[in-house]
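Take a look at the structure set out below.
Chain lettering (A, B, C and D) follows the sequence in which the chains are written, and residue indices restart at 1 in each chain.
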């Protein structure tokens, strides 16, 4: 398992998001609260969008909590859309190519959870990946395979449908291999404009996922809280666990749903895997 | 802070000590119980004696829990005397040269604790290190400086006295800099024949330290416990926290004392810092 | 490309093989002579056989030349059969799981060379790997895929035939993808008893490979050379480039051949790829 | 020894400087030409000035040539003043805290060369460092000690004089220890506005150092060379070895001199160490 955080809004210094909050994602690398265990020290990664056509990533196999370069770089990155992830390996090697977020073209992808019995399913899952995409898989994680299945099923055109099909396929393969609950995921993915988030598990009991309350609403709740003035109106945060304790600031993403954050209306919908043959 | 473990006895496969126990030191890197926090992921190190004139060390800046090479090497090392340490940095960089155990000639040294206000005291402490030893200091930790002060004061001839003088000196320097409780330590050091252990803090409230009950005694307590037959009669373990839950197997090293494990009689004595001018 | 060295003979301290020779493999990591370029700094690995049922490995993504732990460990390993490899990546990530030697059961495998256009062929090659072996592939190198194809074709029963079939298959796949010369390799593989070595390329112009002259012969050539008395009569070395300059000590493995070093008679035979459908 | 590169001029994407030139500093990490050996694989670092009050640094103990994060970050950094350095260790450990450039406040410092017999001189040199600065020394290199001696002697007020006094002091200490030629250096240091460069050795035979010809002059020499139009008029490069072969583009910094690049007039002056007692 892991923890992650996605930000969308006015350009902000990465340092503000990664290190300032009371229970920042960096703090969660040592003191996660909603996980069953506290440590996510098998590497970390950040991805962000800026002027380049594609997003940049900075990833390392070392724990996040004492990484000096992360501090340095976070103080230099100003971005309107940031992904951050801290890793707790579910068995695959601790190496940079197994850290999230993963990238393909303009897309970023990160995941908390696992595909149960992945070693048994691996060949079947990888053979389903589109041949033109196959060689792009660089690491050995279940997350990366899930990403490339979603790409195979049209992530770039219709993310919720692509992910639904990927999950449906994996569940079918899993059942064939005698795995009762193959999929456990909270996922975030983005094309640099919108962020799609997913909270689903085959067992219907998924790791936590929260989204932030609208800043304008929070300003009404807390008219004297200065800190809120620093955040733009378009600020959206989607997180594995809340970055702080402010009542009313965090809302649970419902079990078995997907949501999208984008200019204009956000939305939340039920997430329903699509069976492979349908 | 950190956790450590020292073993002395019949030659044993390092893997047996590092990975087999229920609450092994590797388990303590993620799930320490007696520390106030659970994670020691800022590197690790092992040191062991064998046929070579000097002990060998294997150290890494990565966390211990997922280090594949540690597994590999532990399965290859058979030794009568092993030091193992997992690090939680008190501020200095996470790098191999700051991992314990430190080595000088035949001596190994490891430490759990810190020298409060070390940055203020550092120059004074390093100036006191014998000029012929100064250039041997490779890292930037308080531990290494403490080690070289002990060497300066004659660790190789009379370890308890040397450490007492080192601590006395540091306390005096600390007080001059307005540091009320300069020293906090559990320390193990060895020349390959004996192991000296220390439990002391200026505040008289030190991290935990335990030594194992005599194996013969344990066999009388638990005549049916097979596992005990694998351990030789000369087995001694000194640990930051017990490796398992067997009642009667672990004995607390008293606050403010030192002990020595060696062929023949072991002993425990009060530890009294020796003031610099005396 | 890379450099490697395989040793078979009386148990020897790894340090003697890795660091003592004038042009040791560690020296070759910085000063390779027969390669067209001098540096192999994308990681290294050693594998060795001892008392354990399976060989141990120690691998790192850092360059070999300044790796302190390699020195430490080499001074502790006494083995009758050692593989050592220094890596120059042909494009895949620099990470421990991409370092050689690779291991499966009792087998070790290392390689100098590459599979041209590997990214194009990768899916076809991986699909041919036996499903029961597929999930054992942890890295992303062409070398590891070649190893697992050889395993698929019966490396554990008949190594030369298995490798010939693997190469034949890869050449056929390569040609289908418009790759003229798909395979370039010097390979060593062992089960702990024998070492098989291969020197072959589709272009019939392969990286260098040498084997050492029989020690008894060398003693006749150089009756006064003391160093030879330290080497047992069964000493065999197979190397990418000679470890020193002693005339008559090194013999080129012929282009397009395979050889085996084992108790009793060694042999060298022509290497002929076996086409997939035959 | 090492190689380095300093840039001053219009804000430029770090990627343009680090990767685009034919013989970029990243290329020099594998293929240095003017050094006597080709490889600088013991780590690297970049430092750059931007909106923050102090410069940022990104450093790693891995070789530069295959570092993916360096590529990522270089594509995101736009800066008017950049330092880049690739390391070949002269004996001290390969670790991030021993990589250049070093930083103190607004100052960056990097160095090619060494202090001969540094281990013998180390204590004397470190004791001369101002007590208020002492604890800032984090690594174990001669370079960092030289930097802090320069700071001790007033680098922040008068860099040429401070460096002259530091060198004078080291030469005197060296001679006392029987070291004939204690200092060998090309150094660059900056406060974010100007860059001071030094080329000096006690033996009067120093590693190469070049500065770039004025861009306007180059445009007159090569009116058709498009690439020059991308460079602003204020472009200044100071390098261990030229980044390419364009005749007339590179000028040797004279042996035993210092120079400064800044808004307005640059200058070059003889470098004369100042003896400690004077």
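As a working rule, contacts are C-beta pairs under 8 Å (C-beta built on N, C-alpha and C of every residue); 3 or more make two chains touch, one makes a residue touch a chain.
From a predicted model like this one, the values you see are computed outputs, not experimental measurements.
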item: Subunit A to subunit D, fewest steps along touching chains; value: 1
item: Touching subunit B and also subunit D, the following chains; value: A, C
item: Numbering shared by both copies at the subunit D-subunit C contact, with half separating same from different; value: same
item: Interchain centroid distance [CA atoms averaged], subunit B/subunit C, Å; value: 41
item: Residue numbers of subunit D (touch at least two other chains); value: 61, 68, 93, 96
item: Graph class of chain-chain contacts, one of line, ring, star, complete, other; value: complete
item: In the complex, subunit A residues that touch subunit D; value: 50, 52, 56-60, 68-69, 72-73, 75-77, 96
item: Subunit B partner contacts - residues on subunit D that touch it in the complex; value: 61, 92-93, 95-97, 119-120, 122-123, 126-127, 131, 134-135, 137-140
item: For the subunit B and subunit A complex, residues of the former touching the latter; value: 30, 37-39, 41-42, 61-63, 65-66, 68, 89, 93-94
